[in-house]
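Look for subunit A in each of the two complexes below; its partner is subunit B in the first and subunit C in the second.
Coming up: the complex of A and B.
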């Protein structure tokens, strides 16, 4: 099923705003398997790259293509934002929302949402307003809401930023499980430990361009460039 | 001061004795305004949401015009509706002039821009919050609008109540198109204008107090029924 979507290819893809290049030109080809982690310093263009691949920012130049049609590809993706956007509804209604959008009958959607609420440890909080949840709970809810439709591709923009170790572990467990169940994951992070734990391949982005891209083991063991080595050592790279 | 006191006492007695005329014009006031409000909400709320989510040419101009129309002079609206509904006008054959229907039409024209503008302001902020999420969820325009209308319902309630307040207190337009006919088109505001003209200030004040009480009661009732300002943050 996933193979029909991939490869995801970006060819000369560029996003500019008011004469400033946010990202690009990017040339990238992603296959159907694994977890791709996008790393790089603040402002390097990690978020812009994810949004560009997901198709929620307009390209100024180049193209991003999937193996299937763009509308079909868009329907099979989900995105989790760094600051989770909570609908002004209850936890349960946040979970049923994407299912109802897809036309699922209400009773079935509620049953599935309750199942997911249990999976993320929020079974007791289904009637609470999503706006009163803690940061970790919000991020878990946003992740569950993205995964509930079993997307073929899941984009995540620093989903664990500002979360404590326990919340981070829970989210990583959900991601690993989703990946094992067939969801392709493309995610940015500034946490090198998390990148080492999750990545099968790494994209290192610097000044809006892809500086290095390859299998995670090689990336961490023998980086190609001095900038990558410096970044991995924790030196300031910009 | 004595007129104020007399007005209060008279208002009290009119309510306590369930004065038939008072009941009739109060119910007519409510009937006209609630009908106008319902129709206006059906037009204004989706339109406000549409303006929030959709980018199109001259959108800013449309918003500016809607905002300007909030200050539409009711007397002018009444006059225009009168011209359209009068026997010589394009809709004269429908015989609507000097009926509650004509009053409803005038009120709808007056309150639609107000509700649209307030709805747009609040839904625009909500759309800024939801934009990336709803785009990433591949929602249709219709789904975006319905999501904003549902999730912004508390703010839209305020917009609707503002419309109700404007409608129930309106006098100029409905005086012109309704004619203030006893037992037909007389409502609280036109009755107040009539009694003031006759120099019957105490009765006019009494009706005024009842009008204010009615507006407050409806607002409280709606807030209570919709449970705003209770529970978690929404």
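Coming up: the complex of A and C.
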């Protein structure tokens, strides 16, 4: 149950490397439902925020907590990166790997992987090497590999960056379906159109701090600050 | 029963090329005085990388080599540079990372699983990137895992083990280290040993006497005498008994000499 993990809270969470603050201090509380979209200018800290919440960067200060223990929460999450790492194996083997790792019998894992290959439109490509896939195919495969174990929470860092319209549409459809099936989605994008299509709430990051956070409708319709308004109008904000 | 190896108190000097990791482990400081006391051989160590050690052997600049790179050793023998290869002992590589272990290495059952977890979670990994034996081993493990390590998460530092561990400590990153370097490392910070024990992480050391047919000046008799000592019960006890921070670093696994 997703609700057992939330709220996800960041309290004064900060990541510094050497003398530079990458993100923070961040104070944020996310509930169990919806799709949270993180937006902001390049270099504002979107990726760092996602990694911080997912727990794959070490905090310099503050804390990130879940309603359950952190190891329990981490076991129920997945992360799709902007440039996912593909195993030098076939499409099918990339999909069966996480299932086999979880102890699923081989025949069952293969059946489930084939089902997912069909869902992402790659049923005819299961024997192809993952390394020769196009950018869009790779991203769909990475998404399927993340969703195949039905995570309660899915983080995505700019999953559609540099993809064409068709691939973007397919990925957005997968995300909406996953969310409808119960996966909580927290994702960054630089594409305001995508943010408007997917978001139920928006986090606007500026200079490593959360500048504005709220329901998507309000964020887009009546931003609180001049910086947010400028950003939404396409002005350069940093 | 312990084999007697103390036969010749005036045997002489001998040159042995060894790897830096062996020397840095501190084991040489334990073994050399015992070898001299038992055999009379005064060992002069040339501490270099495995590749350089084998080149010294091929040139006849040393009487024997003690290294850890199986493919290169086999080639050394095949080319006639050495008379034979004798396994002596092994140590192991370990995977180090932030104690919070976001890639969940501690739950992995094989080194391959551990590396795939690092790659697929794109957790920061520090590579020596210096073409050392440790670096080559790391690359072979990535290859076995069917992963091409590249991207922002993979930091190649082009430096020695201490510098790589320091970088990992500063970044909260994963890194592969030989166990001795990890135990000797003083700036552990939030790092912890998270994965070890897969046999693919074992690091086999072998002794290869230089072929006197190529270089008549090499001291083949002393090399043979040293081999007898290195494969003796005396060596087994000293090697297995050598500890750092309460941990055994090397495991003696020399097979008994074949009887003709």
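Convention: the second predicted complex is superposed on the first by the 238 of 238 C-alpha atoms of A that agree within 3 Å, B and C clash if a C-alpha of one lies under 4 Å from a C-alpha of the other, contacts with A are read in each partner's own complex, and residues count from 1 in each chain.
Everything below uses one rule, namely that a contact is a pair of C-beta atoms (placed from the backbone, for glycine too) under 8 Å apart; a residue touches a chain by one contact, two chains touch by 3 or more.
Keep in mind that this is a model prediction, so the values were computed, not measured.
**Q** After aligning the two structures on subunit A, examine subunit B and subunit C and state clash or fit.
**A** With subunit A aligned, subunit B runs into subunit C, so clash.
**Q** According to the stated criteria, A:4 is in contact with first (subunit B), second (subunit C), both, or neither; which is it?
**A** neither
**Q** A:111 contacts which: subunit B (first), subunit C (second), both, neither?
**A** In the superposition, A:111 contacts neither subunit B nor subunit C.
**Q** Touch test for A:17: subunit B only (first), subunit C only (second), both, or neither?
**A** Second partner only, subunit C.
**Q** Answer with first, second, both or neither: which of subunit B and subunit C does A:150 touch in the superposed model?
**A** neither
**Q** Between subunit B (first) and subunit C (second), which does A:129 come into contact with in this model arrangement: first, second, both, or neither?
**A** First partner only.
**Q** So, does A:101 touch the first partner subunit B, the second partner subunit C, both, or neither?
**A** So A:101 meets both subunit B and subunit C here.
**Q** Examine A:85 and indicate which partner it touches, taking first as subunit B and second as subunit C; both and neither are also allowed.
**A** both
**Q** On the A-aligned overlay, A:58 touches which partner chain: subunit B = first, subunit C = second, or both, or neither?
**A** second
**Q** Going by the clash criterion at the top, which of the stretches 129-137, 201-209 or 219-227 from subunit B hits subunit C after superposition?
**A** 129-137
**Q** Show which residues of subunit A both subunit B and subunit C reach, each in its own complex.
**A** Touching subunit B and subunit C on subunit A: residues 54, 56, 74-75, 79, 81, 85, 87-89, 97, 101, 131.
**Q** Which part of subunit A faces subunit B closely enough to touch in the complex?
**A** 51, 54, 56, 74-75, 77-79, 81, 85, 87-89, 97-98, 101, 128-129, 131-132
**Q** Given the complex with subunit A, which residues does subunit B contribute to the contact?
**A** Result: residues 126, 129-130, 132-133, 135-139, 143, 147, 151-152, 231-234 of subunit B touch subunit A.
**Q** Taking the touch rule as given, give the residues of subunit A at its contact with subunit C in the complex, in rising order.
**A** 17-18, 54-58, 70, 74-75, 79, 81, 83-85, 87-89, 97, 101, 131, 145
**Q** In the complex of these two chains, what residues of subunit C are touching subunit A?
**A** For this pair, the touching residues of subunit C are 98, 100, 102-104, 113, 116, 119-123, 145-148, 151, 170-172, 190.
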